[in-house]
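Two complexes follow with subunit A in common, the first pairing it with subunit B and the second with subunit C.
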Partner chain A sequence: MLRSSPLLSLFAFLLCWGAALVSAVSTTGNRLLAILDDVGEKENYSKFLGDLESRGFQITYETPKSESLALFHLGERAYDHVIFFPTKTKGLGPNLTPQILVNFLNAKGNILQTLSSSTTTPNSLVSLLAELDITLPTERTGLVVDHFSYDTLSAPETHDVLALPPPVPVRNDISPLFSAGAPKDALLAFPHGVGAVLGPREQLTPILRAPNTAYSYNPKEQSEVLDASDLFAAGQQLSLVTAFQAINSARLVLLGSAEMLQDKWFLAEVATPNGGKPVKTFNREFAKRVSAWAFQELGVLRVNWIEHHLNEVTAVNESNPHIYRVKNDTYTISLSEYAYDKWSAFSLPANDVLQLEFSMLSPFHRLPLSLDKSQSTPEASVYTVSFKLPDQHGIFNFKVDYKRPFFTNIEEKTTVSVRHMAHDEWPRSFVISGAWPWIAGLGATVTGWVVFVALWMYSAPPTDKKNKVGSKKTN
Partner chain B sequence: MSAETLQVLADVGKGKSTRGVLRVIILALIAGASIASRLFSVILDPWFNFRATKYLVANGFYNFWDWFDDRTWHPLGRVTGGTLYPGLMVTSGAIWHALRALTIPVDIRNVCVLLAPAFSGLTAIAAYLLTNEMTTYNSAGLLAALFMGIAPGYISRSVAGSYDNEAIAIFLLVFTFYLWIKALKQGSMLWGALCALFYGYMVASWGGYAFITCLLPLHAFVLILMGRYSTRLYVSYTTWYALGTLASMQIPFVGFLPVKTSEHMPALGIFGFLQLLAFLDYVRSAIPSRQFQTFLWLFAGGIFVLSLAALVIATSAGVIAPWSGRFYSLWDTGYAKIHIPIIASVSEHQPTAWPAFFFDLNLLIFVFPVGVYLCFQELADEHVFIIVYAVFGSYFAGVMVRLMLTLTPVVCVAGAIAISTILNNYLVAKTPTEEDQQAAEAAEKKGTKSGLKSATKPVVGIYSLWSKSLMVASMAVYLLIFVMHCTWVTSNAYSSPSVVLASRMPDGSQHIIDDYREAYQWLRQNTKEDAKIMSWWDYGYQIGGMADRPTLVDNNTWNNTHIATVGKAMSSREEVSYPIMRQHEVDYVLVVFGGLLGYSGDDINKFLWMVRIAEGIWPDEVSERAFFTPRGEYRVDGEATETMKNSLMYKMSYYNFNNLTLEEAFTSENWIIRIYKVKDLDNVGRDHISAAAFEKGLKKKKATKKRGPRVLRVD
Partner chain C sequence: MRFTQSFALALLLLAGVAQAASWGFDDGTVSVVAKRAGETGSKERFNSKTPLTKPVSLGSTDTLKISLTAKDNGQEKRPHQAFVILKEKETGLEAPFPLTVKENGKAVASITHKDLPVQFLITDEPLEASIVLGSFGSSKALNAPVFDVKLQKDPNVPLPPYEKPVRYGKKEEIHHIFRADPKSPPKVISIIFALAVLATVPALFISWVLLGANLNHLSKAIGAAPVSHATFFGSILAMEGVFFLYYTSWNLFQALPVIGAVAVVTVLSGTKALGEVQSRRLAGER
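This part shows the complex of A and B:
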């Protein structure tokens, strides 16, 4: 079976070779730009940044005011990923306008943006988030508090350090990327954070939602009374950590609390008001996973190869033909998932299904693809389905449209033509039993005519000649 | 010049064999002239036929027959092999192979370009043969050949490069008629079979074969009504019908239509009627009884009425398909405009304007009735054919511009009969004497023939040399003017190809506007090979052939709904059009815009037809009325209606040249062709309006205080 071209295997080889050089690397590149007010601030995040560097990222530090700062160089991306730490400046300057940032996303660059309740969010980033249908509190300094699940050790009075269990997926068909393998009593510290409200856009998914009892308020103006009509948002409508994945799979993560990433909170212990004993925060692992997701190290899917062919014993089993006729057909797709440093077989989340559409204008078939164990390897899983093409000629697409939160968008369209039956592909008339009376009639007519002609030619001329001659003359 | 040489020259034309040689030479010259007059300018036009021919030559006949074309009518595709008349392509393919076999390496393109002129030469010869069956004057045949060769009505469809079905179909039409007359005159099965053979070729070549299918039975029917039933008629008709119908059913596109549709029913009905008549004729000859005869005629009439009733019932029950729309529009010229806009939208399906008759036929249109009158004088079976053909041809030519083509042959034949009769009477050197006149009068008195008054022959003979020379001279002048007119019309009106526009600069020099080819070349070089182009169907074949890109709709208008979909996309707001274009995987939209140049044949001019066709399918979503101002005017200026201004077509043509879902990709030199690229979905999930506003730097309005309840996100 033709599966991969030599070029593809060479590419795979180079990929493995490249992977061997660096212990781990993102699938889209390792040039990371960190934007901070003051390069000295990075000391606060030394463990987080150290983790990133140990995963193979090359970090460049810049301040927004820097003249040399440019996301694009000669029309190409100069960096693969950008991380925004909170800055005190209100504008980010001409090098980081929201238009440039959207173009960065369009060019498959990834952004990790952090917020803090103590600093204002730059206009440019607010506009960018507004384009993605993410709304921040009006005053840009909303603070999330929860009087039921705060950290009793660090904020017994202010209740503005939230202590939350690692996030579970919002739907049961979403892969639990961020909580898998966490200890049962693990707690996340979310200190002095900002919550965002998400629009209904399908590209948005909350990674961490506030608990039902949390709400957001402005400590400067609303410290005493918070009118219901002035409430920004409360409960699960507040998204503390948000994932955005564009159509081209570029990712943006909005982290409500920059402090989460600081060394202080990586090492701290937290306890909940309901009397649990203090535990070390889960922040370091969570930060690793969130940054890994944002920078295309987690939840990255790859289509290795696609194959479709006639599923017939008699037919010439050509692989990936351009034209089909109404016949049985097999479609196979191979998928791999990337996690930090290696590609492995992709297994569907429980309750989810991978579907194949066979469509012209609208789907004629929508079929679940099933795992084919015989072709799968530890590096790639193979999904396949066999079906009969519809009795309709036209230009059809084999379409796998697998778009799930936290996974790279897969939209694979393979165009084939389905032709009509050729004139010599129908069963011959003598095979069809219904045609036998007609064939018999044909035979009878032919025989009858031949017999008649023979009789006519060999019978003696009639004796009454006058009559015959007369009738012939009229011709 | 001495009298002796004159005498020699006159003697040359007297011998029988010399005359034969002369006739052959004259015919050859006429054929040459008819080819030459079609070579004013050469541009291959119906690109689809050329593309199909190339496919045939490259892949062989069987692959051509089973050809599924996935580069037209995206995404439906077209079963091309089964939905075209293959005669034209097979003819040029056969010629190409024959030339190759003769070791003449010729490009298939050259065969295609020169096919129509070559066949026009054959048509001239066919017209000669047909006319010779009508009259004993050989000059009539030669004149008919000449007329046929250069009549603009026929040239309009057969200039070099006009590679359309009509290129060979007119020859087949005339030749089939000739064979029919031959078969009828001789009552010959051989000629009838030949007639059927060429009829089959005609069916394989042109949808207009139905004209023959209806005209021959009509001729037979008229003959029967005139009491001219004969075994000759029986033999020729039944041979033609049986073999011809079998032949026509071999064409995949025709298939079972000859036994299923109303257009073909007259032929079948007359076939049955003839069987009945033959049977009755036999019985009558066997049992000679007057009363029995009357009874039999009643019986025949009864059967005819019964079968007619059966036909009507079968049609209404749906067993036989009713008359197709194109045929209804032949009876009621307003029918198509109301019910089938797609047919009415084609300019050649419009009723003919009166000047067109003079323009296309010139002198012949005056002598044509004379020729028909002369046919009444003779009124043999073949003359009845000319009369029937003349009546119906004239009617149809008046209904549809395109059918001027089918009228032209009979006009040429009748005109030639008339002019040759005039010339034969006046171009005689001998003056009749008293004896001749007395003999003629005696003959007239003796003849006691009843019947039509026009059928009685008058005295023949012109006395005055003066009237002879005047008549002949004026006739010669008319003929010369005819030739000049034909040349002028051909070079000016029918030799300007549609893809290249020619105009005159103020100083009189010619200016060539070549925007179409420029744009098609751009498409060919700058777009993906499978980029789908949406345009109105007029340009489908050209895009497919010259730009080699898949199209949504083309000139083969087989799927009205698909065309209406394109019409809807063009005539709706962008919000409606964009999903349609996405669904059909459109990459580029092509419009023709004449606003800059004042070119009237642009898409805005055709726009109402798009609206009408779309309205036919989606009356709730598209309304023609909304495109007219309250005063009922179709305007594209400042007073255009809102619907008009917001339609995609208008926006692509005029409206601030800025679209939200489309971006301009190419505009040709004179702006005639504008090509737009369909934008992708926005990467971050916005709609195109806010994405465009954001690009311009407009700040998003913050919905700070929302009215009404909060919109909650549900995960």
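This part shows the complex of A and C:
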């Protein structure tokens, strides 16, 4: 119908190439919406926003009051990511209700939300966080202070600028995405921040927790006395930077201190009261990693292919058959991880394992997959396991359910039938020693029968009189 | 020499200064108050330098009372932060208990089993209590472990239910337990019984021979109806052969037509052959 000229196809190629270049930034898109009280405020964050732009994001700046602001256009997401800077307004207006924000997450949109102790958090965002089981201090504001690890240069009196080492993972099997490669004495400045308390949900992971001795208080009401019953939270229960990843892998990051992202704190030097030398903050790199994580540039996993086959040297050994029997079996999965601009081979965090479940209703097998170096490439790593199918027929699933903090969820299910042994696949009866008496009985019966027939037909009456009478009677 | 002396002096001075500008406390006491009157609880004094060696034991109905006087630079003063932090040593879980502090630095806190998180109640490890005093300004804050608390659980009071929160992570491995293979009795026994069964065949033949069985009419029968006798007996042997092939290699659909064919031959030849046998009987020859 449509004849394509060489010029047209070249144009199409260029268009595609350009699109690929632009979308190389994040795995889910590059349209970023920044919500600020006043668009002029963005000057404070110029380095952070510049870093985002240099990574390929197209940033649109809006105020919550803007009429034209809409997260959805004709039912589709109008933006891929939203970043909320602190706003002084109490609510965020009809365009950013909690319902719309939840829908945005459900539509795989990502949110980076920043808080500040100097402004109260808008109702809409507090409700959204409550939906995710994240609790903010009452009065929607709070200030985290620590009298042990504050920045002595900028807050020697108020202790409200925390100077913290880059966060180590909460557990030893979590990937150290946010601290990997940081210099040993690196310090993060966490100025005038708000801490949150996390509910017991597996989707929530603290990226940065407050130190043991930190606590949160309301500077307006509790500046003199912190009443024992009014303490919001203290110590490591306070999460300063929180990661939430929904089941559909949409992400929300709650950053307790918006000032962390300001140019001032990218350049500042901080020192702890323990008398350490002033060091340049780690904020710029941390901000890069946190935003990259939130906007699906880090910790994104992809399944390239899945293969399973019967692990037997036979003439017929097809890939991905639909039916198996109780036999040895091999399952192979190929995974890649995305980092900023390219896919690379995914390597498991230390102490973590990738597990394969072979399940019918409940798992019959849950086995660790091991890295197969011979099949892996720099772009993809291949994990494999070989095992014996259970002696139970039915419809089974090969299931790789890899859900880990800071990685997008992988849930791969491949359904196969497992049939029982056919009647002619069992061992023959002469192999089974217990059956020998029965086989001997068969032989005896057959021989006896054949000889009996011959005797019955061809036997002359015995010459013995006594026996003759008997035999006559029987015949 | 002089240099080291002056250095040491400077250090001392520095230490003095540091000590001067720091938080501390006096009159630290910890007492366990039993609910029932008449029972006198224990009372111990503690300070920030050396923690108590013996753990304080706290019964399920007792109240742990901690009191101290906070001092900034030796002066009685109210700090902004005055916490008792209980810590479970194994998991590192901490629970802060703010002290109620008066203007003059006198601080008290009381803790019962009800105030503790569930995780503390189900563990058997002693809890480490530390005092944290700190406030705004330049004074150095204090974080000192002071004593251990051992929870005495009342066996009559059931522990509150606690379920570990679900966390994404590796799960326990599962290896399917296969059903045991069917077993055969020892081969010796099978062989003995198989031989016993086979022994019945010669026993049968011998008894037949003793009873006078013979094949004397064979030539007569063959002479009278050679074709039918040969085919009839042959078809009976063939039928056994078919059964043998069915057992070793054929399937039912291969065996059935052959069985049919052999059966037809048996019937057709059998009428003639058995007729001949009958004629012999009618002739009184058997």
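In this section, the second predicted complex is superposed on the first by the 427 of 475 C-alpha atoms of A that agree within 3 Å, B and C clash if a C-alpha of one lies under 4 Å from a C-alpha of the other, contacts with A are read in each partner's own complex, and residues count from 1 in each chain.
We take it that contacts are C-beta pairs under 8 Å (C-beta built on N, C-alpha and C of every residue); 3 or more make two chains touch, one makes a residue touch a chain.
It should be emphasised that the depicted structure is a prediction, and the values quoted were computed from it without experimental measurement.
Q: Check whether A:Asn248 is in contact with subunit B, with subunit C, with both or with neither, and answer first, second, both or neither.
A: Once the two structures are laid over each other on A, A:Asn248 reaches subunit B alone.
Q: Is A:Ser347 touching the first partner subunit B, the second partner subunit C, both, or neither of them?
A: Once the two structures are laid over each other on A, A:Ser347 reaches no partner at all.
Q: Using the touch definition from the top, say if A:Ile395 reaches subunit B (first), subunit C (second), both or neither.
A: First partner only.
Q: Just checking: does A:Ser386 make contact with subunit B only, subunit C only, both, or neither of them? Give me first, second, both or neither.
A: The answer is neither, since A:Ser386 touches no partner chain.
Q: Answer with first, second, both or neither: which of subunit B and subunit C does A:Arg171 touch in the superposed model?
A: A:Arg171 contacts both subunit B and subunit C.
Q: With both complexes superposed on chain A, which partner does A:Val453 reach: first (subunit B), second (subunit C), both or neither?
A: Touch status of A:Val453: second partner only.
Q: If we overlay the two complexes on their shared chain A, which of subunit B and subunit C does A:Ser127 touch? Say first, second, both or neither.
A: The answer is first: A:Ser127 touches subunit B but not subunit C.
Q: Examine A:Glu202 and indicate which partner it touches, taking first as subunit B and second as subunit C; both and neither are also allowed.
A: Both partners, subunit B and subunit C.
Q: By the touch definition at the top of the document, which applies to A:Thr377: first (subunit B), second (subunit C), both, or neither?
A: In the superposed model, A:Thr377 contacts neither subunit B nor subunit C.
Q: State whether subunit B or subunit C is in contact with more residues of subunit A in the superposed arrangement.
A: Comparing subunit B with subunit C, the partner touching more subunit A residues is C.
Q: Where on subunit A do subunit B and subunit C both make contact?
A: Looking at subunit A, the two contact sets intersect at 171, 200-202, 237, 424, 471, 475.
Q: How about subunit C: which of its residues touch subunit A in the complex?
A: Those residues of subunit C that touch subunit A are 78, 80-81, 83, 85, 94, 96-101, 109, 132, 134-138, 140-141, 143, 165-176, 178-179, 184-185, 187, 190-191, 193-198, 200-201, 204-205, 208, 211-218, 221, 229, 233, 236-237, 240, 243, 251, 273-274, 277, 281, 285-286.
Q: Taking the touch rule as given, give the residues of subunit A at its contact with subunit C in the complex, in rising order.
A: Within the complex, subunit A contacts subunit C at residues 145, 147-148, 156-159, 171, 173, 200-202, 212-213, 215, 217, 224-228, 231, 234-237, 273, 352-353, 355, 357-358, 363-368, 388, 390-391, 403-405, 424, 432-437, 439-441, 443-444, 446-451, 453-455, 457-464, 467, 471-472, 475.
Q: Sort out for me which residues of subunit A touch subunit B in the complex.
A: 98-99, 102, 105-106, 127, 130-133, 138, 170-171, 197-203, 205-206, 237, 244, 246-248, 250, 323, 360-361, 393-396, 415, 417, 419-420, 422-424, 471, 474-475
Q: Write out the stretch or stretches of subunit B touching subunit A in their complex.
A: It comes out as residues 62, 65-66, 68, 70, 74-77, 79, 82, 187, 230-232, 235, 252, 285, 530, 583-584, 681-686, 690, 694-695, 697, 699-700, 702, 704, 710-713, 715.
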